[in-house]
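Okay, so chain A shows up in both of these, paired with chain B first and chain C after.
And then the complex of A and B:
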């Protein structure tokens, strides 16, 4: 663990120091309501200069709301922001930038139809109207050369994988010279080694006294290895603060949940029968830009087996899942489910009982403007009991929604709230509730299913996936979290450059060989 | 036209002349719509705006000379300006209505077509008969040929040249200016724009109004250049076609220019053939622009690729 820097010599701050050192940031008694829902209730927080501060809490605790209020994205109902001991008004992200505060949001905020370079240049808050691209590109290339991670400047952001988009968000803040960096779950989409690399580089800046960081994370490992202090929220209220050195993981979990909780391990049951459920034969598919993303993939997933697919984002995982989910058509090759050709039509999905948990669920598995109840019913609204002939029965939909909201603990003001307004974790829960609640599942395809979920929910989902497997469900688990894959899979495959580069039963999996294959050697 | 004199050569000449004469309204409306759609809004109402522009330009040009003692060299230009302003008025209404919560762009657009054309017909009744001074054009043909046929075919309006220059200017604006990038951000991902402190509503409001200004100018071209009169059938759906043309041009101003020229040319196929004596299937040839568009759409669209260039938030309903 790195040493904490003593805060900058107060009182005698020279002009030069003031320019380099991050300011002292305090939030006092902040409150925010959304309609009748109290998202924040008198919350206070203090980020000292040159510290790495973690903001913890369950899904829906109000973490994102708090930082969005600090950024001027939301207008708080009550409360003060104090910068260097002076109360300041932050009415827009522009004001926040003026005080050196920059944020990486939980939902990506780069513009998909623009290139990396355009996104970076546009994010700058200066006033020049005309952009001299020659000059800007030279400056950007110089910036990229020194940046902790590299991205191709001319690529459209929409074609970047989730992990690369996240890197862009962080790069953007470094490019803007932000002094206080607010990171909302920046590592959910990164592999553990990528996350360590990114956080390590940011940590160095903090240790050098150039940056303060406020990070929202659900991963205790990151908190204990990179952070100095934590503040915990519980159900919109302040639940405690403290130095990381003085706290154990159990203490932090208790602060978050308000009670002690033991993880419940689920045992794997040995499966004897070998019945293939999902078979891919020489599958090829293209990316959006027409280049080939999958170069002939062969795969069989059997009943009662979890096949894990590891890989760095952008190596064809997204396209593979999209083909299986029916969002993209294969250019050649075949997908078979239960021995029959499968094209993911609504009829086939229902007949073969195939369920999908895609990545970026708000975009891939929800209709953001439709209500939580409607989104929960997307699989079932056209069949009894939710439909009678051509009629949709809204009472039945609402009733089922209320039940699912209850069992999956979706935190939403009402079932009628648009799903796009929910917190990141609660969007994920909504999709999970829809996909995992069906009584008979045959094939489950999950892509990064624990993206942005708090540890209790991660445990719950892992338990659900394992128990599905034990019931005989064939599971294809695509994840960028190697720990998760090693914990759940029966068989592990590494995808690299659109091909399978490594395969082994989990008992024989060799960590060095996996990393090697993931890096594309 | 006495095109028979130069025989079959009249066909390509007729099409060329038609292209130079007839594409400007498409160009102005499609550039206006391109600007609007880049910001994430659809303005179908530009058909109504076009008619309002045509009517007000004609009326002002006429009234300027007959009532307000303007010189006939100036009054049509004032007409053009007023047409733009009338367009902006229409744009303001559309921008305000279409940004109300739970309001659909298309519905407002259709209402605006009906409102715009109704208002233009109502206010324009007294101007159907009188002859208003027209805008001057450059006599390109005089430099090239002594044949009066060629000379009358190759006339180019300064408005058309303005439109042709506007296309690359707009392309540059979207690529190399900060406001241009902001407009694209607002159209593609309003959340991202908000995170940068850009007001989505304001940007869209300005884009719709500016786009409608251009459509108004397109209307002025109809009544003051070609065909150069004010009747109720003057636009014959060109405004609507220009809106579709933006999709065809993949939201790219330069391609809007090519597409407008293409439409203008295709429109002239029927008349050019008729001029050399082929009048069988005249109506069929008049449908050429539509058939060609359909064909190109079918050939270039693919379900396997996303429609590149479509602004991500295009036409989505406000909160």
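And then the complex of A and C:
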């Protein structure tokens, strides 16, 4: 087994790295079913040595399933994995590591209470019972010296920012001598500039021929600026492959959707009346660790207005949304909706028609083991027609669910499937369906509503938010994507260090001033 | 839980097969233990069967023991749906028993410590009303007992498992204190006890059997509990909060109120078990009330995977084991703790078997025989 990556870690790391070029990786006719759902149907993929390869497709197309099969998390029903022209069996992530394949997940897998060094050593598959720390630290320092990005070895992972944590995940793979890096939507937790930095550094490794990369992304910008080749999946089937320079974004979109579609811009309608819907007075709230996250914010959102809140994550926007969603209590200050004090009780939510699209919908807005139908009914199960007195009428819940699954194109085997089994984008759609389908919305609070969604769905959500605004809904949009905010907002506010640091109408927004405020100056 | 569809029958089969398999494994391990004690395992199994389920007479003994188990099991099973692990079953049972005796004595004689004259004359309240009063007393007492655990959990973040466990000791100490003084029957010298309820106000047996009405209570309450959890808005809200508290909050569900209410219901079930034991079996309160039904109830809830309907069946199985322990001692001179050893084994194996759900190949859907469901169209609704 000449191409097996040696698992020696001490000593001349850089020599080894330089010596071995990434293997040639091919997936041939891979199929995978989940129950009656065909997630992958005869899919093939070729990652040539030293290329940056993008895997594209709509939500639920089977991208994550494909890479999980390649990593040995799932056992494919059919298909071969060919490494350097030899068919190989990968039955576990350990096998994958054996062939030099490593994966970076969308969520972090490091232990926050341990240091960077400890996390790196722990990630190894060949850790010995007794760790010789002196030797390991020397090896780690040698490794860091040659690594594309640096992290302080002694820092606790919990103290790293999101971008640094993501870098650590990637470093971990390099430390493990992974030659083929699989990245599943790695940039969804990063701001655009952090994403560019991380991808840029990986790109250099690929250009130097040290690494091959297979990346799953919904962002065409990343594909066109960093990738060499793409493979597209559509509804579990292979839909095409090609070199990025030979393709336009429209071509890629067409491969993904199977048809050409023109974006349908929604015009903003000017509103005449100025009626305040959401009012915050001197709102304070704490983080989980008891430190203050919001230092007294004042805000009014009017009917028919989208107020965008920009900011680098961790500056209090999460806590703000949680207070408004009823998941966190304010330490002082007041929230008013339609001029009445608002504490997000079920009664008030119904009375004032407040809806929330939180970030990380599976964690924040769904019960993973309950069915899609039950999750769709979370806001309505205790009212007719879904309830009769104290009884829940499951037939009515199912009926409504079928309708919503249809309108919002939620890809699920049945309405009874646990929502935790759906693909990331489809979980998002489930929450969207629940929160946006109500016939009358008064106030909508959305936090990064387009995370992890394919471009068609992003268009759709933007359209929905704009048309809600045009109907007179007051919208508070918290997002880390400045482009999204500039496109949708009527008024833009920058939050920094738990305070509002900049505010202007969108027409007068000054890009330099916004960046300045976001950076906390 | 919505509708039984072809996709769910495998789940149901799994939910039945794994606990049964676990029980079989526990039986096998128990056989090894028996062999170790120098007994023929097959003879032991045979004796368990014949002394628990062998004929109608012994089966009645099994059902008698199953009755309180069904009720105490709910004390763990209901809060589990909300994500709470409560093991205060024994304490709630004892508190319920004490409350039942106090209410029963007051309604029978006009006093908890009746004088000699009072004992001569039972008050003219219809027995059914006295029994209802006793049931109500035990439900409220047991309910408040566990509701306190829930409130501590929600408002002060006190670990509910530890606090409910400690509450057991408090309950038993409280009972010992009461029967040793405030409600003591001075005529009873061997074992500190309360006064005895008059026969007329005690729970009768079902016609032509020696099974008391408590069994009916148990079955009815289990069915109600199942219905409450699976089919009411309250149950839906509780399952939501148990599954993801953040999602429950976003939906505006009153998590604190739900926690306290579920805990109240749980405690009231165990409290009712105390009433059944007192009103049907002992007739009074003394330390015999602490017979381990509470702890066995936890086991029942585990084996039944917190499903109230399954609790009734599992209670009968484990009631049988309890019922056979006397025979094991008498006929095979096995140690006193044999039944406990078996229970412990069941506990361990069941806990282990929890890790098997979703892992066994035979319960996985092999995939479509027919065509794939039509894929969603590519256009996005306008």
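Quick notes on this structure:
The rule we apply is simple: the second predicted complex is superposed on the first by the 437 of 521 C-alpha atoms of A that agree within 3 Å, B and C clash if a C-alpha of one lies under 4 Å from a C-alpha of the other, contacts with A are read in each partner's own complex, and residues count from 1 in each chain.
To be clear about the criterion, a contact is a pair of C-beta atoms (placed from the backbone, for glycine too) under 8 Å apart; a residue touches a chain by one contact, two chains touch by 3 or more.
None of the values given here were measured: they were computed from a predicted structure.
Look at A:288: by the touch rule set out above, it reaches chain B but stays clear of chain C. Of the two partner chains, chain C is the only one that A:416 touches; chain B does not reach it. In the superposition on chain A, A:374 makes contact with chain C only, not with chain B.
Residue contacts after overlaying the shared chain place A:514 against neither chain B nor chain C. Of the two partners, chain B and chain C, it is C that touches more residues of chain A. Judged by the touch definition given at the top, the superposed model places A:309 against neither chain B nor chain C. Of the two partner chains placed by superposition, only chain B is touched by A:93; chain C is not. In the superposed model, A:382 makes contact with chain C only, not with chain B.
Judged by the touch definition given at the top, the superposed model places A:345 against chain C, while chain B stays out of reach. Once the two complexes are laid over each other on the shared chain, residue contacts for A:216 go to neither chain B nor chain C.
Shared contact residues on chain A (touching chain B in one structure, chain C in the other): 369.
Listed in rising order, the residues of chain B touching chain A in the complex are 175-179, 181-182, 184-185, 188-189, 191-197, 303-306, 309, 311-312, 316-317. Of all residues in chain C, only 2-3, 5, 7-8, 231-237, 239-240, 243-244, 246-247, 249-254, 365, 367-368, 372-373, 375-382 touch chain A in the complex they form. Within the complex formed with chain C, the chain A residues making contact are 33-38, 58, 77, 235, 257-259, 261, 264, 325-327, 344-350, 356, 358, 363-371, 373-375, 377-379, 381-382, 387, 390-392, 394, 397-398, 407-409, 411, 413-416, 456-457, 459-460, 463. If you check the complex, the residues on chain A that touch chain B are 72-73, 92-94, 97, 103, 105, 107-114, 118, 121-123, 125, 127-133, 286, 288, 290, 328-329, 331, 369.
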